[in-house]
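For reference, chains read A, B, C and D in written order, and residue numbers begin at 1 within each chain.
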Amino acid sequence: MIVVMKAGVGADDVQRVIERVAELGLTPHLSKGEFRTIVGAIGQRSAQVQQQLEQLPGVDEVMAISQPYKLASREFHEADTILDINGIRVGGPHVNIIAGPCAIESREVLFTVGKAVKEAGASILRGGAFKPRSSPYSFQGRGREGLELLKEAGDELGMPTITEVVDPRDVPVVYEFADMFQIGARNMQNFNLLLEVGKTDKPVFIKRGLAAPITELLMSAEYVLSQGNHRVIVCERGIRTFADEVRFTLDVSAVPVIQERSHLPVFIDPSHAAGKRDLVPALALAGIAAGAQGAIIEVHSCPDRALCDGPQAVLPHNFHKLMEQIKQIAEIVGHRVTLWGREDAKPRKALAGGWAT
Amino acid sequence: MIVVMKAGVGADDVQRVIERVAELGLTPHLSKGEFRTIVGAIGQRSAQVQQQLEQLPGVDEVMAISQPYKLASREFHEADTILDINGIRVGGPHVNIIAGPCAIESREVLFTVGKAVKEAGASILRGGAFKPRSSPYSFQGRGREGLELLKEAGDELGMPTITEVVDPRDVPVVYEFADMFQIGARNMQNFNLLLEVGKTDKPVFIKRGLAAPITELLMSAEYVLSQGNHRVIVCERGIRTFADEVRFTLDVSAVPVIQERSHLPVFIDPSHAAGKRDLVPALALAGIAAGAQGAIIEVHSCPDRALCDGPQAVLPHNFHKLMEQIKQIAEIVGHRVTLWGREDAKPRKALAGGWAT
Amino acid sequence: MIVVMKAGVGADDVQRVIERVAELGLTPHLSKGEFRTIVGAIGQRSAQVQQQLEQLPGVDEVMAISQPYKLASREFHEADTILDINGIRVGGPHVNIIAGPCAIESREVLFTVGKAVKEAGASILRGGAFKPRSSPYSFQGRGREGLELLKEAGDELGMPTITEVVDPRDVPVVYEFADMFQIGARNMQNFNLLLEVGKTDKPVFIKRGLAAPITELLMSAEYVLSQGNHRVIVCERGIRTFADEVRFTLDVSAVPVIQERSHLPVFIDPSHAAGKRDLVPALALAGIAAGAQGAIIEVHSCPDRALCDGPQAVLPHNFHKLMEQIKQIAEIVGHRVTLWGREDAKPRKALAGGWAT
Amino acid sequence: MIVVMKAGVGADDVQRVIERVAELGLTPHLSKGEFRTIVGAIGQRSAQVQQQLEQLPGVDEVMAISQPYKLASREFHEADTILDINGIRVGGPHVNIIAGPCAIESREVLFTVGKAVKEAGASILRGGAFKPRSSPYSFQGRGREGLELLKEAGDELGMPTITEVVDPRDVPVVYEFADMFQIGARNMQNFNLLLEVGKTDKPVFIKRGLAAPITELLMSAEYVLSQGNHRVIVCERGIRTFADEVRFTLDVSAVPVIQERSHLPVFIDPSHAAGKRDLVPALALAGIAAGAQGAIIEVHSCPDRALCDGPQAVLPHNFHKLMEQIKQIAEIVGHRVTLWGREDAKPRKALAGGWAT
């Protein structure tokens, strides 16, 4: 950390900062400029120490020069993390598409959609059993019964499954039936929930909160990692801005920014960002072109009868067309990764391997 | 709801909408304009129905013309809700200040600060036992032990207490020791947590999420109300915007907007919005001037040693001065409320009564 | 417009609205629901009329159901506008890349960069002569002298040129030397400037303001179109949000949203959004994948000596690689456009034609 | 500036930075930490130098530790600036209210409203002759004819007048007829316009742009100051955020933040922020309570017939009531300023002096 003193402070204020830095277990380092004096505080960064230094007399600002996360950072783990999920490789040069209905409404819809998305090339099956709904009067999901259906579909199709968990008390039942935990945007900072899934050995897919800076998203990943579960994927799903023509603004720049800072696989969610299906393909392709290592896409066989988020669900035959374009763009980006300096990139063949199920 | 058809749609598309509206249990009402046809869908609004109608061929937009919350609305309950919390009246013309340290760190700090804020005129004591921290490496609060200290302080000072609950599993222990539940901004849409506190009979203080429109805040209140707990207070605490000179942008206009739509008491949190103590008085006074029925303010006796959020804690002697100004501005606003048409406003004496502890 | 009355209003309030609607030259249409009464106001929308109706007693809300722009809308002109700029076709299935240095600093840099971007496949040359700088102490551009150099470079390379105009008084001199006017984000609502360029016959390239909803961007296009200049291109260049990891958040969803509403060509500016060159390729590819009909990219031969915005300028050899990827993704999207229903899409050959200079 | 090197960079990279800092005319200062090396660059800050250093190999970040404005800063001018505008004192402890209709529509409205606001205690008369409208089809103001009416009204009422200027070419005519220039939010970064008004000797009232950080607002003030015109007032008027319940989010914290950094008077505009008159009083009082040195408020005698922004105009009799509350709150805040340490605060009598017309 760097403690920037106010212009014109006295020597005693500077001395007090130096002493306090030492008292807090850091090594002080004085540097006098023409207008300002700065004191370096060398050692482990911590929010508490930073806040305490900020309040000393004469201090203008305390700047951190390292990120607050460790296990999630590229400094800690330089190469891309590549997960093995029931034989599917996720991360690095591999691009994976997670698809399925928003909510598990009926066996028929789940199996119809599951079969269609598998044929189109999706590698992981999604379906919601516990639905966080902003209204207490909306359909809240089918709970354990939905989880059982999801497991049955995954087994029959030979696809790993993912479903959202919203309550620490549900972690055991979700663990029993699903292959991956999804942490929704509204729970990105539900820290006890993060701790619970962090104690398991199943992959955790964390969506960025609607108003979360990337540092906070990676800190939420850090919560899981800190418990010993190193199988984390993060997902950009749209942020809340003034631009209300779409439901959320897909922050496509988050993809390369996270990849620069972290080794974790980065996905995008074009469905929740768009809010309507006509926009899903453009956003999905944009995300893949920006280098995302996957996407989670809602597909429904009769969306105008869906109990939840029907307008954003893509129809199966359009999903099929979209997958063709995703595959082509992923290949082009495979080359880009190589050319633009990420050492982990693999030639086209390896990338194509990401599509195998 | 109003279904707006696209320009130039055929009669069959309009007919299909009319039939579907009826099929969904609503009464259709056709209205043809020069350029557009609209179909009114008369009956109970629901997100699911709205989404299903949006997807019919030829439909441009489905507009809701009523709010999605009921119990929280002024339509449902016209007069301001006034709560009685251990004899303290909250809401309506009464202005209450909740004050105390961010976290319960030690008995000494808690009692010193509690005594000071009571003397200055605060009516409710705050203190955090479970701290939601963005870093897993930060101080996480003292848990049950902290709750016991808080209860002891509240009993000794004769003040009701409030503390944050972050996990549905902690609702019983918080219920045992504290007088009010606080739901933090990051948990505003932790729906299972809202349901749990909604099943109790203690007041629930809900902070607005960092990116929550007012409708979503009132829907979260609705979650609690729908469980039978009618003792809810909502709190504006700053939203996330591009303006990063302060930690969060205090949306002072939320106060009159919520009061127009809902009967629930509205508080503000100047401490978390400001992020630094020099700005707290200006924001606190702004909120009270805008008509807030209270504020929650962090006070610490030695903030540069605080384990959490020290920079935003006001010193006790400054809190005392601030309270003097708050009292004066509250009186002026009491008059304003009368003049500007809120029927529930009371003359100065009644308002002053809000300060009694 | 639809006038939504408050719940429980009297018949006289409704009658007054009906009369005022007629008095304002519109045709009223009454529709009574279970809870609410609405009055349709059929005829030409106008902000003034809407505002006047909003204030009548008993009125809850006045909703517009048509867009406020006409000439810029798809309703007015269904097919994509395709411009011919010195023989270059812009819009529809054609994808064009505008490239060059941020500011025209020296003949040498301009010609070196111009030659490099032409070879890589850019079809239009950019260079700033009047630089809007947030500091009065920064380099403000070389003015007329810069324009002369730009014209010389354009002539020698056989490329149309584009440059920013910031003052209505400079329109004649920019008209004399450049082939296209650029209106910067900070001038998107400099209405007198829009009127001046609207009176000319040269294409106008309008960048979206940092906080402009898409409707406002298209209204700014309408200003130009309303003066008789129908050669307008609009450009998404990043919006201001809380996400400050990049300079601006590229709102990639703006591309398909604008294309749905308007016939005008839509470009993106990855350079100003990114703020640093490492992110430019990911954003450029994302925009093209989302269907943008072009991009404007800053290229510099020695960016660490640039007088303006050096960090976001791509090096010539990297620009060359980026162009290869852009070409491939544009082709894939050409297919997508066909598949996803935009009638104007052309087969691959026509699309490739967009690259010819 | 502080150049932060990446973790693990070589000595040659550090050496190159040191040399370049010196070459750019600054004094380098090396400081090695446990994980990072930093190089101080001591001397005058400049965006160009910062950008050039950012691009050197091994550099992670270049942090500025001083503000980019000078003449607008408290460092340059410690005491509050107090302007004398035709005998009215503006700034420091003086609170002034600017009021009048949005646009100058007719002599009758202007004089009726002018008389009413003067009687209520407003000290400066506003009225728009050149209206920046987002639609080319909206009423654009009465131009010179409107200015003549404004001057006539100001002369008759003995009030200084303010009106918006939107085009550098209109500066002379506005100078001739009005006492103050208003620069609207959409023109905050119309730099040539700022330069033109900076060359005059009449006060310039600059509204904050919808998406402008405070630094950019003060840089726009710097443009005017740099031309020798030291009579500048800045105004917070609402920013664009996701919160669309009001037209713009009044950033009330901007008031104390600007006052901490700058000596210029700070006003607020509750009318444009609110967008509807019911919210104007709450926002006006909030701004004054936060310490604003004035407000600009739209008043109209028959707003439902207004040609522009009628819904946000307050009725004269309500403006009168609002002024009574503003006066009382301003007094309380006068005391607060004293108590909270701003040296320039004056006792109640001096403050009251601000109200004299």
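In this section, contacts are C-beta pairs under 8 Å (C-beta built on N, C-alpha and C of every residue); 3 or more make two chains touch, one makes a residue touch a chain.
This one's a predicted model, so the numbers in the text were calculated from it and none came from an experiment.
Trainee: Counting C-beta pairs in contact, does B-C beat B-D or the other way around?
Mentor: Most contacts of the two pairs: B-D.
Trainee: Quick one: point me to the chain whose Cα centre is farthest from that of subunit C.
Mentor: B
Trainee: Where the centres are mean C-alpha positions, what is the separation of subunit A from subunit B, in Å?
Mentor: 28
Trainee: Counting in whole Å, what is the centre-to-centre distance of subunit B and subunit C, each centre being its mean C-alpha position?
Mentor: Centre separation, subunit B to subunit C: 39 Å.
Trainee: Using mean CA coordinates as chain centres, what's the subunit B-subunit D distance in Å?
Mentor: About 31 Å separates the centre of subunit B from that of subunit D.
Trainee: Two-or-more-chain contact residues of subunit D, please, as numbers and ranges.
Mentor: Counting only residues that touch two or more other chains, subunit D contributes 211, 239-242, 244.
Trainee: Spell out the residues on subunit D that touch subunit A in their complex, using ranges where they run on.
Mentor: Residue list for subunit D touching subunit A: 2, 4, 7, 27, 29, 31-36, 38, 40, 42-43, 60-61, 63, 65-66, 75, 240-242, 244.
Trainee: Which stretch or stretches of subunit A touch subunit C in the complex?
Mentor: Counting only subunit A, the residues touching subunit C are 211, 213-214, 239, 241-246, 249-257, 260, 273-274, 278-279, 281-283, 285-291, 318, 321, 325, 328-329, 332-333, 335-336, 339-340.
Trainee: So in the complex, the part of subunit D that touches subunit C is made up of which residues?
Mentor: That would be residues 46-48, 51-52, 54-56, 68-69, 132-139, 166-169, 186-187, 189-192, 195, 209-211, 216, 219-220, 222-223, 226, 239-240, 276, 303-311 of subunit D.
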